Each structure stands twice: as structure tokens, then as C-alpha cells.
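Multiple structures follow.
Both of the next two complexes hold chain A, though its partner changes from chain B to chain C.
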Partner chain A sequence: MKSFVPSSRLLRSLLPAFSLTVILIAIFYLQPRAMSYFGLNLLLNLALPIAFATLAQMCVITVNDLDLGIGAFVGFVACVGATWLNESPLLGVAVLLLCILAYAAMGALIHLRNLPSIVVTLGMSFFWLGLALLVLPTPGGKAPEWVREAMTFKAPGLPTTIYASALVALVVHFALMRSSYGAVVRGVGGNPRSVERAGWSILKAKMSMYALAGFFGVLSGISLIGLTTSADANIALRYTLLSIAGVILGGGEFVGGRISPVGAVLGAMTLTLAASFLSFLRISPDWQIGAQGAILIIVLALRVLINRTGKK
Partner chain B sequence: MVRFKKTVLSLGVAATLAAVTQTPAVADTADKRIALSNNYAGNSWRQAMLTSWDKITSAAVKDGVVASADAFTTAENQVTEQAAQIQNLILQGYDAIVINAASPDALNGAVEEACAAGIKVISFDGIVTAPCAWRIAIDFKQMGKEQLVYLAKHMPDGGNLLEIRGLAGVFVDDEISAGIHEGVAENSQFKIVGSVHGDWAQDVSQKAVAGILPSLPEITGVVTQGGDGYGAAQAFKAAGRPMPLIIMGNRQDELKWWKEQKDANGYKTMSVSIAPGVSTLAFWVAQQILDGADVPKELTVPFLRVDQDDLEEKLAGTEEGSVANVEYSLDDAKKVIAGK
Partner chain C sequence: MTAALSKHFKTVVGKPWIWAFAGAFAVWAATVLYTGGTGAGQILSAALSFATFSVIVGMGQMYVITLGPGNVDLSIPATMTFAGAVSMKIMETQDIMILPGLVIALLCGLTVGVFNYGLIRTLRIPPIIATLSSSFLVQSCAIAYGRGLKIKPPELLAEFTTAKIAGVPLLAICVIALAAVMSVVLHRTVFGRSVLAIGQNSRAAELAGVKVNFIRLATYAQSGVLAALCGYLLAGFSGGASLNMGAEYLLASIAVVVIGGTSVAGGFANLPGLWGAALFMFLLVTMLNTFGLSAGIRLLLTGVIIVGVITLAGGRRN
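Moving on, here comes the complex of A and B:
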């Protein structure tokens, strides 16, 4: 029986890649035109900001918390990116650094006062949205030229999005899954007491994970305006739920520090493609959200099934 | 299926080539496919807009004017979702995309990608600012101003006005209100003594007006943005105040109330709004662009105005819970393109 256990773990980690492949094949079948550099680029370029937002969410989930403000935060970053970062780059960079610090401070506050992260981050989401409206009261602004160029860069062979996502997924994988501090941080999600007894600071771990979440949030917002060319305070409100779904779809768990960076990026792509797939199928919009939910349920049911066979 | 599509495509190319050599005919766009990208379908105006689109385009497809004209609505009113939807439409190989956009600026990336792929993009109502797209804009400012023109004509003595605004923070609300204030500045016998937000909804307007009424002097006119006239009338009635002249916004309940008052006591007003059928105007403009017509990038939609004389006719043509509507024809589109 022992030999079966790792194979179930393997299956589990392969599931996100499997779901992505299935969706991709279905799309190619429905729309052969998608099977080209041009097509893949169109299908996937909006996945990059979602992948960053998903990684941000994953950082917070690693330490057993949940970030309900990430969508509004990404929207705020987009507004800053389309205004200050363009007009006076120094001020823009300073504000974005402050944002990351604010995220670290939020992690500290949640830990020190022992507050539920859901309440704090939900509260912060209104704060971010309000700030975004102050920075950019009506939709508009202009993405800095270099961001626009970076996001429309046509890499040889495969669309840039694929290279970028692969690179980010691998870097985060090595940082969180292979490094020793990564193990400590995941331990904070798994068993904080024993991590503390071993002499590690939980406060430091939480602050660094929240700061990392803030960093990915900033990347998400900046890459988003590179695609849209301008911003809107409400531009990324959907990212909050998408990012949570992406983490879970990618093999993460809400508790216990069980995460998978590669899976999270694949999960974000699967979600993006699922929406395109449903629109190629010409499902009525009234049913689309339900159908997206159904895809999630199917993948999660598969996971439970794999877990069960693993336990037997 | 794939092969079939390819044949159709190559046939289409052949047809276009043939059309170039022959004299241009009506069926020049017979092989063209037009898509509607719509960001929201959750109110009566948008529902009527989609129904009009469906009615006019299915007839056009049947007559062989275009190959297809499919409507796509995003499930949630979100910019990122509509951007993805537009990218999907590019992939599906449409020749033109007609857009009612969730945001004037934030879709420009996707719109530019469509233009780069040789697709004509025509935006209406919710327009996009990308230079390569066509815009069928609504002169909301004029819509506000026109109300004051009417009031000045029918009430030369002027008086106190109550302004009902729309949803705070939305571009349309600012524009209509700016037009109203401009009109007041030109007709100094009028004075706006109160202003509330009615969110373009009868129930919200009724509550808002009822709340502000006790603090106001006698009101002679109510300037509105549509969807709020009936609620305002109910609030005045409940407060026992004399009924002012309330400008209506073409909603069926507003027109019905107006008709009742007209029959009972000769109540006079006017009603102005944008017909949801503007989507069909956008369709014909798209068809004209695909046909090779020289169309300016900025077009303006005419308002749909209901007056004392044609009230009965317009009311009869409006379904309960809907908005007075008009569907545009190819000739209407040609007139708009010519700037008449």
C-alpha cells in the first residue's frame, strides 16, 4: 500500500496541469483559430495579472489567512500606475513601495491583535477602493510606455505570458517549497505553536508573507494596466474571488500551509480559459457564472476522489 | 466542421473579390459577421436594447445583408471580463465588433488588439476612447439642456426647480446635470432649490424626493434624468403638495402616469431619453463601415422625445415595465453618418 501514497500525491499535484490541458484541448476543438501564437496570446494575456493576484492570495493563505481586499488593492495599484507612475515615476514607485509596507503592517496588525484576517482585509478593501477613487475619480489615466511595451512584447516561439508565468511560478516554487525559510513560513500555517517553540518569529513570517502578497498585488496591477492601457477604480474587483478560486483550483488548502505555487499559476490560467471556453460554447450569460462554478466543483470533486483513493 | 468553415471563408473571400470587380451591390456585406459585446443586461433599458438588436439583426441576416450578428453579454459587469470577451470575439473571426463598454478607457487595450487584427470596432452608449474605434455618442449635456428649453418656453415666468440626479460618480450623471445647470444659467428666471440622487430608479427617487420636500419652497418644475419621474410624482402626491411640471424619461410607468394626468386635468410635460434601439443604429453603422462607406469616427445619436401630441402613440408602443423605443433602419444610419 505504501507505494500507492506518493502516487496519489503525484496525481494531486498533476491535477491542475490536467484540468488546464483538458480546457485547452476543448478550446482548440471549438475554435481552431486559437491554436496559434496569435490565438494563445489573446487567450492568455489577461491571465498574467490574474496569476499574480492568485500568487498574492496564496502568500496570505500560506499563513492561514484570507485576503478579501486583493481585488480592490490591485485596482488601486492600477490607478496609481496609470497616473503617478506615468507622470512622476519617483512618486509612483514610492507610493507602490508604501503599499507593500502597508501590507506588511496589515500582517503585523492581524497577528499582534489576533484579529480575523477576513475582517481586516475586507475593511481594507473599502480603504483601497476609496483611495483609488481619490487618485482617479473617473476612469482614465495612461499606462507608462515601458509597462505597455513590456506587456505587448512578442517573445519568440510562445507568447510572453507563458514564459513570464512559468518563470514566476518556478521562482516562487523554489522560494517557498525548497528553501528552509519557506518551510518555516509554511509551518506557520501548519502548526504555528511548534514553529514558535523552535525559535522562529511568527510575526516576522506573517509580515514577510503579507509584504510578498503586497508585492504580487503591485505586479498584478501594473501588468493589468499594461494590457488595458488605462485604469478604472473598479477594474479588478473580480480578482478577489478569482484569486481564491485559483489557489484552491491549483491544489492549495485554506488551512495548514498546504500550497502549490506552480498549481496556483496553472489554476489562474484554467479559470481564465474556462471563461473563454464558456463564451465559445455560446452559453447564455445567465448561466455562465453557474457554469464556471460547475467547472470548479468538478475539479475539486476529482481532488477529493484522489485523496480518498490515497487514504485507502 | 472546420473544413466547412474554411470553405465558407474562402467562398467569402472569393465573393468579396468578385464584388470589388463588379459594381457594388447591397449584398457587399453578405459574408460579413458582426458581434455585439455588451457589458450588462440587468435593467429594462438593456433588455430592450438586446431585444431590438435581435429583432433587427435577425431580419438583416434573413435578408442576406450580413452573414451573422450575434450578441454576447458578459455575466458580470466587469472591465476585465469584457476585455477577455472582446479578445475571444477577435479569435472567433468577426469582421466588426459593436461594443457597449463597461469603461470608456480600460478596454482600449483589447480594442486596439481588435483594430490591429483588422476588425472594425464601433462603440455606442458606453463608448470607448481608443482612436481606432468609432463612437456613436449620446450628447447627454444637450439632453439636460433641452429640458430647460422646454421649461422656459412653457413657463416664461420661471420658478423653483428640483433636480433629480442619477447614480453618483457616473459620467452620464455628471453630463446631464452639467447640461441642466448650463440651461439654468441661460434662463435666470429658474432657480434650482434642491438636488437629490435618484439613481435612475423610481423607488429611490420617491424616497429621496419625499425626504427633501418638507425643506423646500413651492416647486414649479422637476428636472430629471429618466427613470425617476414617476417616483417624484408619487412623492409630491403623498406630501399633498401641488403637482409641479415633471420632465419624464420615456419609461412606461412615467408615460402612463402622464397620460392619466393628461386625461384628468390636462397635465402638460415632455419626456426625453435615449431609445434602447440605438444598438440597431450601431449595427447599421457597422454594416455601412464594412460596406466601405466613409464614416466619421464621431457620430451623435438623436434623442427620442415624447411630446403632448404623440404621447398616446408612444405609450401604446411601449410594453409594461419597458422604455419607449424606436428601432433604426439603414436609412436612419445613413442620415446619422451624413450628419443630418
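Moving on, here comes the complex of A and C:
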């Protein structure tokens, strides 16, 4: 007879959705007025750029690396978006394409020279920040009209952010979890040697994942200026840590190519809500970062517990 | 005779740390050429002062990185800030409290280090994530504890950290001595040899009877203690603790280790290189400042040069 105790794998994949539900219920309890189209829209307003940044981080984590420069990169994209993309769209698009190529090149460099990704990406964060300051020395600029319209579009029923996040999560899920090349790149995180022996190029896999990370970084920066309407070089520096936290909350692991795109998007939304939740609780802003750390540790501890029960 | 000389030359060039010093010298020479020779001495003296702090945290980070791939301590900036804030508040500018303040700062660091390893071990998560999560907590503690206060360090401590003997910072001399001790610890003691052995092959080290868990715990604790020491001294040096005093040491602590010739894959460490790399990093910033470049170009070049140097330095031992 089969027991009805859910497998630990199922429990683990439900954990991100569970965290999101808990925090939503807590917010609705504290602030019932949030339970409306307008309230949800306000709460989840900034979730989309964070979700894109989290997906970018997840791509890098898939191949066992970590990107400590994604925040500065998103900031640079935002600066380009609020200046060149608005004034001369062709130049803007060309620069953004170059950015994605630069990310692919960074992946190649890290793989070919066997460098620690944290040092290279941390060094690159100075590079992006410097470029951003050159493009936009003082906060300002103007987001292109079409970006602003897209980001403020009001969909029927639920806030647009929710539809957009669901769509992005599903697309990435099918691209990485259900396609054959998706299995190969995840294999690079799991066992690079066997992937290489099976005839696949690790270099290519790493470059494509870094390029994908750059692509999501670009989406993050563009969607961000659609909301803020102007840009600033430091606008997204905190995204580096938020994106890592989002991947952890979403059930991604840092070795072995075990990732979950849907979880990562849910994790990003949970983090966005967590900030509002803490301010509803009137927790002093001093403890905001600490609370994020505590949430991470609690979720990681829950995961260990689930794994243990699964082994019994 | 020439054969002996060239052999000698080869052993010197073969040392990985020589490149860091060569780079530091080249950058210094370029700066001095630009200024036409003025301030050459002051620049060196300032470089020694500031490099001292990078070397202190770099030593802790170097031991951690030597443990093998994936081992890195990202909580160093938060620990520095926390220890700096706590010790300044405890000492409250009184000279008599200098030693108790130091002890408490080091205890803060020890606690963070042990907590870090506790997370790594009980949650079975990679050290990067464990130290990152705990750094959030520690940073919050530092913010909450040190809120709005800018307490000056005790006079004696401020004097000690800024004292110079014939232009050479006293603190730099002390840390050179400390680095020498740490070098001996690394190469001549059971602890240091165990760290190297774990970095080369942790499984083999365990089978050979090395207490892997205890050594790893001690290494993370040591990194915390050194970060705390650095925070304490830096707060004394710069007239008090501030909330972002550790920020730049995240990159610095890792970069000096890698540029200094320590293997990123673990198992091979290099202490003299830390000094060369730390001097190089400071002189590089000084050079870009002296050239009068804008903030954007300065940051951009810093990034390019760091990535470039690491590409050259990190890939050699493949």
C-alpha cells in the first residue's frame, strides 16, 4: 500500500509557494485594505524587475557560479534605457545587445581561465558602475514612452505584474527544465566532467547561461525604469543581494545545477512583499536587512528538516 | 657563476608573489613620474597605512580560501563594522578601556566566525550563502547598535594606529610581524598544514587523521577574529566606527588573496603576496586619483584592471 505522506521532493517544491502564501495572508491580516486590485498592484509594483534580476542570478547559479555584479549591471542598463534608448533607440538597442555579449564573454573568461566567479563579477560591478556614471553622471534621464506605457498597463482582473511574472516563469521553466539543452546546462552545474565526456561543450553552455543572465539583467533594468521613469547609477545596487536571496527562497541550490525558475519568481515576489510586511509590522528599518537574513536562514533550515524527514 | 645567478633569478621569478610587488612598484612609479617626483615618500607611507588593513582581513580570507573551492567568507565587512561599533561604544574614549575593548571586539569576531561555521555545518549550505546570510544579521546588529553614534576612539589607540617611525607606520610594522607569524603557522604548525591538506584533498586529509570539521571551524573563527581586529584598528585609525566602514573590504579581502598568488582552487597559500597585492590595490586607486580622472572612469578602470590582473594571476596554476 502506498502511503499518503508527500515525498520530500514535492514538499520542497511547494516551499516557495508556501512562503509566499504565508506572507500574503500575514499582510492581509495586518492591512485588510491591501486585499484589492489597487492594494496588490501597489504591493507588487516593484516585483517584476526583482524577478528578472533573480532569474538572471539563477542562470549564473545553474552553472555553479555566483554573480555579485548583477545589481550594478541592472543600474547601468537603467541608465542606458533612460538616456540612449530614449533619444536614439537604435544606439540604445545596440548597446544593450553589446551588454549581453559582454556577459557571455565574462562567462567564457571565467571558464577558460578557471577564475572564481565572485571575484570577476565583483570586479565587473565596478566596471558597470563606472560606465553608468559616465552615461548618466547625475540622477535623471527619461524612460522611453513605450516602456512606461507597458509597465503601467492595467490588466483586467489581477495586476499586470502577476500575469507577467507567471508568463515569464512558465517560459523559463519550459526553456530550462523541459528542453534537452536545458538538461545539458543544468548538467554542467551537476557534473561538468560527464557532460563534457558526453560530447557537449561546457564553454558553450556557460556562455549561453551568462548571456541569458545578461538578457534578464537587461529586462530587469528596462522594466525598472518603466516604473521609476528616471534612472540613477546606484538605483539597483541592492538587487545583487536581493537576487541571491530570491533564488534561495525559490528553492534553488548553489551546487549541482538544481534550480527552479518558477520558485525563483515566487521567491522574488516573497522578498518584495517581505519588505512591505516588515514595515506594516513597524519593524525599525535598522532590522530590515537582518530580517531578510533571518528569513533566509529559516527557509534553509526548513529545507534541511524536509530533507531529513524524506530520508527516514 | 652566471649559471648560479640565473638559477637564483629563476627561483625569485618563479615565486607567485613577485608579480604583485612588481605591479605595485610599476603603479607607484607611474604615479611618481606623473607628479614629477613630488610626494613619492608620502604616497608610499599612505599605501603602507591603508594596505595594513587589507592585509589583516586578507590573512583570514586566505586561510578560508585555502580550505578549497567554494570556501569564502563574505561576512568580513559586516564583522568589521560590528566589532568596530561595539568596541568604540564600550571604550567610550577612555584609554583604560583599550584592552577590554580589544578583547570584546575579538570575541564579537569569534562569535560571528563560529556562527558562520555552525550554519555551514548544520544547514549543509555552501559557505558563500551561509556567510552572506549571517552578514545580513550582523550588519543589522551593527546598524541597530551603532545607530547615530560617532564615538571617538580613545586617544592612545588613535595615536597608536596613526603613529609613524621615520615615515613608516607603526601599525604596518606590527602587521608585517603578524604576517610573518601567520606564515610560520601556515607552513610549520599542525593547524596550518592541516588547512593546506584539506584544501588539496579533503577526503585524503580526513583519512590521514586530520580533524577536518575542527580545522574548518577554527579557520572560519580565525577569519572572524581577524576581521574584528581590523574593524577595531580601522575605527581607531579613522576616528570612530561608521556603518559602511567595511564595505570596500569585501572585494579587497578576496582580491588581495587572489592577486597575491594564493591558489583559488585551495591547497596553496601565499602570505608575502598579500602585502604586494594590498599595496598594488591602494597605489592603483592613488594613481587614478592623481591622474585627475572623473569618478566614472576611475571606477571603470579599477574594474578593468582588477579583472585583468586576476585573469593573469589566477590562471597561472591551472
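The rule we apply is simple: the second predicted complex is superposed on the first by the 306 of 312 C-alpha atoms of A that agree within 3 Å, B and C clash if a C-alpha of one lies under 4 Å from a C-alpha of the other, contacts with A are read in each partner's own complex, and residues count from 1 in each chain.
In this text, a contact is a pair of C-beta atoms (placed from the backbone, for glycine too) under 8 Å apart; a residue touches a chain by one contact, two chains touch by 3 or more.
As the structure is a computational prediction, the values presented were derived from the model and not from experiment.
A.B. asks: Using the superposition on chain A described above, determine whether A:95 touches chain B (first), chain C (second), both, or neither.
C.D. replies: Neither partner.
A.B. asks: On the A-aligned overlay, A:230 touches which partner chain: chain B = first, chain C = second, or both, or neither?
C.D. replies: In the superposed model, A:230 contacts chain B only, not chain C.
A.B. asks: Under the stated touch criterion, which partner chain does A:39 make contact with: chain B (first), chain C (second), both, or neither?
C.D. replies: The first partner, chain B, only.
A.B. asks: Just chain B (first), just chain C (second), both, or neither: which does A:238 touch?
C.D. replies: first
A.B. asks: Of the two partner chains, chain B (first) and chain C (second), which one does A:129 touch, if any: first, second, both, or neither?
C.D. replies: second
A.B. asks: By the touch definition at the top of the document, which applies to A:61: first (chain B), second (chain C), both, or neither?
C.D. replies: neither
A.B. asks: Of the two partner chains, chain B (first) and chain C (second), which one does A:140 touch, if any: first, second, both, or neither?
C.D. replies: Touch partner of A:140: chain B, not chain C.
A.B. asks: Look at A:288 in the shared chain and tell me whether it touches chain B only, chain C only, both, or neither; answer first, second, both or neither.
C.D. replies: Both partners, chain B and chain C.
A.B. asks: Intersection of chain A residues contacting chain B with those contacting chain C?
C.D. replies: Residues 133, 137, 286, 288-289, 292 of chain A touch both chain B and chain C.
A.B. asks: Quick one: in the complex, what on chain A touches chain C?
C.D. replies: 66, 109, 113-116, 118-120, 122-134, 137, 241, 244, 248, 254-255, 284, 286-294, 296-297, 300-301, 303-304
A.B. asks: State the interface residues of chain C toward chain A in the complex, per the touch definition above.
C.D. replies: Going through chain C, the ones touching chain A are 70, 72, 119, 122-126, 128-129, 132-137, 139-141, 143-144, 147, 250-251, 254-255, 258, 264-265, 294-304, 306-307, 310-311, 314-315, 318.
A.B. asks: Write out the stretch or stretches of chain B touching chain A in their complex.
C.D. replies: Going through chain B, the ones touching chain A are 2, 41, 70, 72-76, 78-81, 83-85, 87-88, 90-93, 103-110, 112-113, 117, 169, 171.
A.B. asks: Report the residues of chain A in contact with chain B in the complex, numbered from low to high.
C.D. replies: Touching chain B: residues 31-34, 38-39, 42-43, 45-46, 49, 133, 137-141, 224, 226-232, 234-239, 272, 275-276, 279-280, 282, 285-286, 288-289, 292 of chain A.
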